[in-house]
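As structure tokens, the structure follows; a few thoughts come after it.
By letter and in written order, the chains are A, B, C, D, E and F; residue numbering begins at 1 in each of them.
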């Protein structure tokens, strides 16, 4: 019966306490996750905080950005008091800024090299910010799908727990911009703006899916502060 | 008159008791069914549970996944206490993970080999998770249609009761992503999120169609637990 | 004045009494009709019942299916106690299952042969289930239109009363999937799901158009039972 | 001042008294008009009645149908007690059924011949049922526009008062299917279904535009009876 | 401070008094304006009235129509008691009807000749009715944009105050049909139908933009009468 | 802890006091910003005012317009009492009007020359009005993305604080017309029309995103007056 059951799957914490409390037992290790949201909903912050949590515990990590420069990422982390420059100097962290055009053109190679990098670096957490910018580079739909499919497969095989960020669809906050990635991932977090009667726009997060995990299905308010993302799992958005 | 009538069609249970209670007499054997739903609505769980029910009764079964690895499927089943590894060892179950790109490219062959496999294996239940990933591989609409049409036809002819899973349309939960499969199948189950006034997202299932069966047309709440899908046919979603 | 007027057009009954009551005088003979609906709304049942009504009166009939096998159609009719196998043996009924791909490729021939078949068979009622599957086979819009246009014209000229079934548009239940057939037919029946406040989905039918006939414009509830389609022309859907 | 003003433009009646009452002074002669509506809203009936009104007054008329056969049009008119067969025999009326495919292919010729026919026949009223079927024959948008544009221009120059019928857009009843014709015509009538709280679908007409005419902007209910279209300009649709 | 400020930009009146009252100081001379509206909202009337106001003050003017014949425009103006035929005879007004197909094909030339015509004619007001018909002639989006862009630039350089008319988008009355022209113009007037609870459709105008002018942002009702457009800037549409 | 924290990022003011008050500490220097809005929402005014604020403090600035002529920009600024002509004469300001067609064709060069110009000119603020007109010049989606991506990257590297203006999507005011630029920028301002029950259209601004800044998430009313944009951060839009 359910009481006696003990999951055998090793699990980790995201590092956002309010959100971690909503997930029973934690995220299964090596899951491929995606955070979907509009600009400014905190996707990059989420990714940085996810890495910072691992780094603090002595894990190694990789941050791949297609949107900003390495320096901008360091600035943001440092501004928050997360010592990403120190982690980088001590070879615990690699921040890589890739040109999405080049990445798209050499995805074959990257698919080969990334697992090597991850293994050599012994990285336990990886962030790719954002997968939408990679997807955008393909005009041909089936090409995009097969490339993204193969890329996510190689990430899964590399044995790292990964957080992708993705732009949201213009009309449906629960859908990614290109509508593929949520089907290829093990976990989906939906970050969205709530514009109600009040003139203040609020932020809310919903865990849409985590394979092999029992999680809350509530939509919870959160804020982005200097300290990162703060989910109020006791509060109610409506 | 209707009272005296006795259906001559052999029927089976899905293995989800709440849902089976909503179908008078059961699902006609050899039906081709589809479960339509967004990510995390439990399509894969539905498929696994459908097979597990048959396996428990000594039937043989095939699970074809285009989305996950064989190992991931085994993990999920084992986590739930469904002994898929044992069934596999005892040749009662075959779990096949196919690359959707390759599957699309060699669908002609697969169409030929699958019925052979099913017959040799004497499989009575089959799951394909998901047909959307196969459909996605074709850019050309008419090509997609004819391929999917021919594929479903070969499944029907193979004499197995089949559950396909399909992504839902972004805007209409009653429509599959590519809008074809619901017209080619004998039974359609719609799994959807219900986001009402409450801040908790709920899950609800509706039987949209079962050829040659009298079924409830109610939309019923369900939950996904460690034990699988639990449909509350006594409760009301609204 | 209207009182004295007597229509000179010969008319027939559909065979669904609730619906026939909504049509003054009946359907003009040789009309080309279409039933538009989502999966499971009962289009195929409507078609079978329409034929059965004619068969019972000694008429000959043809059922062309692009979606199911001949056997599946016979099973469905037999399950309902409609002796389609007997009618077929006695050469009063022809059930033809066509592959839509082949039908599309040889539509020229079919257009030529169908009227011959109808005449030789002396068929008074014909069903094509469904015209959408035929339409789907053409990617090129103008090709689709001209083919469908020519095909419906040949049906009209063949001198048979015809019921086509058509999938509904995803967003507008009053529109067919490809948006052509409702303009080429003499009569349009709209079958739709009504999902209101109650958690039970209901079925409703509206007669949108019958050339040269005075008909009710009400939307009426119906049910599909073992006996076929039952329209409650006294009840109200709202 | 406005009181003394007397329009110098010769005007005619449509022949639908309720509608004519909504137009001050009548329709300017030689106007190119369009009736936009879904299937069954009475576009063909409107066109027939418009011609019948002229025929009764001794005018000559032409009815071009792309949708039905000459015989079907005669049947409909005769059923209503409008003696179209007599008018045809007495050379006051020409009913022409054209194949839209052929019409599209030889539109250049038709554009040349139509004015000749109109002049020889001395036709004062013309109906084309429907312009949408002609528009459908062109896949290339700019080709469609220029062809339709040139065709309407030749009709305007032919010196006949013309009523075109057009299918409505699926989503917007005030827009024609291809969205061009309402901009090329002098007058636009919108026929639409009103599906409100009541379960009875009603019909309503609005005059959207008549160049050089002062007209009501009310939406008025109408019915189609054996006698044709009956607009209740005293009643209210809401 | 604002009180002492005196605009140095020369300004003109449109000639629709209600609307002119909503604009502080008037329209800056040489502005390129656009009126966006559905068929029958009075765009052509607006343009004619705009010219008539200038003509009455002794200015010269040009009216280019792509939709109607020169004669039809004269008829409409004459019907209203605006002596366009006299102005034309006295060389104060030029009415030019262009075939949109030809205009699109020779836009290069026209772009060269129009400024010459304007200068020789010393035209102070110009109307082009409608820019949408010109835009429609291009299938290729970027071609359309660059052509329209270059054309509007040549109009701006010609030193004339111009009113373009444009069809509205089917779904959004604030957007032009092709969605470009409102971004290339100095002033945007939105003419729209208001279909509320009442069964009478009303007309309403909003000034969306006038560069370098302070204007009301209210939506005001207007009517089209024999005397032209009448804006009720004291009334309220809701 | 947060109290002691002092941001090390140098920051600037926009020059719109109400808006600046909504941003804690100011905009990080060298940010790439975008203002999204429909025609007439004040995007150009925003850009001019942003430059004027810097010019008043002795900074150098560049204004690139793709929509208007250099003269028109000078007129608008002068009308407002902002001495752009003087700043230009004194080589503190460069106003450049580019033909979007030419800009698109020579974007490679411009990408090279712009940083040089910025450095030589020592510009601290730059406005590009509007990026949508540049984006419009590319029909090919992936071409557009890579061009815009490379262009924004070169702006970021040039070390100038930049404000882009962008047209809004027709249906979603929070989305730019082409849906890319909001993902490539560090800050997003949404300018929109609020059309409520009242017949007066109002203007409202929301700060959707500023990387590395704590900002209000309220939607605040603003007006455009002769003095520029005035945000009422104390008032409420609803």
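As a convention for this text, a contact is a pair of C-beta atoms (placed from the backbone, for glycine too) under 8 Å apart; a residue touches a chain by one contact, two chains touch by 3 or more.
Values in this document were obtained by computation on a predicted structure and should not be read as measured data.
Chemist: Going by the contact rule set out at the top, which chains touch both subunit A and subunit F?
Modeler: Joint contacts: the list comes back empty.
Chemist: Which chains sit in contact with both members of the pair subunit D and subunit F?
Modeler: Both subunit D and subunit F are touched by E, going by the contact rule given at the top.
Chemist: Can you name the chain that lies farthest from subunit E, using the mean of each chain's Cα atoms as its centre?
Modeler: Ranked by distance of C-alpha centres from subunit E, the top chain is B.
Chemist: Give me the rotation angle that lays the C-alpha atoms of subunit C onto its copy subunit F, rounded to the nearest 5 degrees.
Modeler: Between subunit C and subunit F the superposing rotation measures out at 180 degrees.
Chemist: Would the interface of subunit E with subunit F count as same or different, where same needs over half of all numbers used to appear in both copies?
Modeler: Homomeric contact, different residues on each side for the most part.
Chemist: Suppose chain centres are the mean of their C-alpha atoms. Which chain sits farthest from subunit C?
Modeler: F
Chemist: Calculate how many whole Å lie between the centre of subunit A and the centre of subunit D, each centre taken as the average of the chain's C-alpha atoms.
Modeler: From the centre of subunit A to the centre of subunit D is 60 Å.
Chemist: Where the centres are mean C-alpha positions, what is the separation of subunit B from subunit F, in Å?
Modeler: Chain centroid spacing, subunit B to subunit F, equals 52 Å.
Chemist: How many angstrom between the C-alpha centroids of subunit E and subunit D?
Modeler: The answer is 30 Å.
Chemist: Of all the residues in subunit F, which ones touch at least 2 other chains?
Modeler: Each of 171 in subunit F touches at least two other chains.
Chemist: What pattern do the touching chains form: line, ring, star, complete or other?
Modeler: ring
Chemist: Which residues of subunit C touch subunit D once you look at their complex with the stated criterion?
Modeler: It is residues 2, 5, 7-9, 140-142, 145-146, 149-150, 156, 169, 171-172, 174-175, 179-180, 182-185, 188, 206, 208-212, 214, 217-220, 236-238 of subunit C that touch subunit D.
Chemist: Can you name the residues of subunit B that touch subunit A in the complex?
Modeler: Counting only subunit B, the residues touching subunit A are 38-40, 67, 69, 72, 75-76, 78-79, 81, 100-101, 130, 132-133, 136-139, 167, 170-171, 193, 195, 197-203, 225-227.
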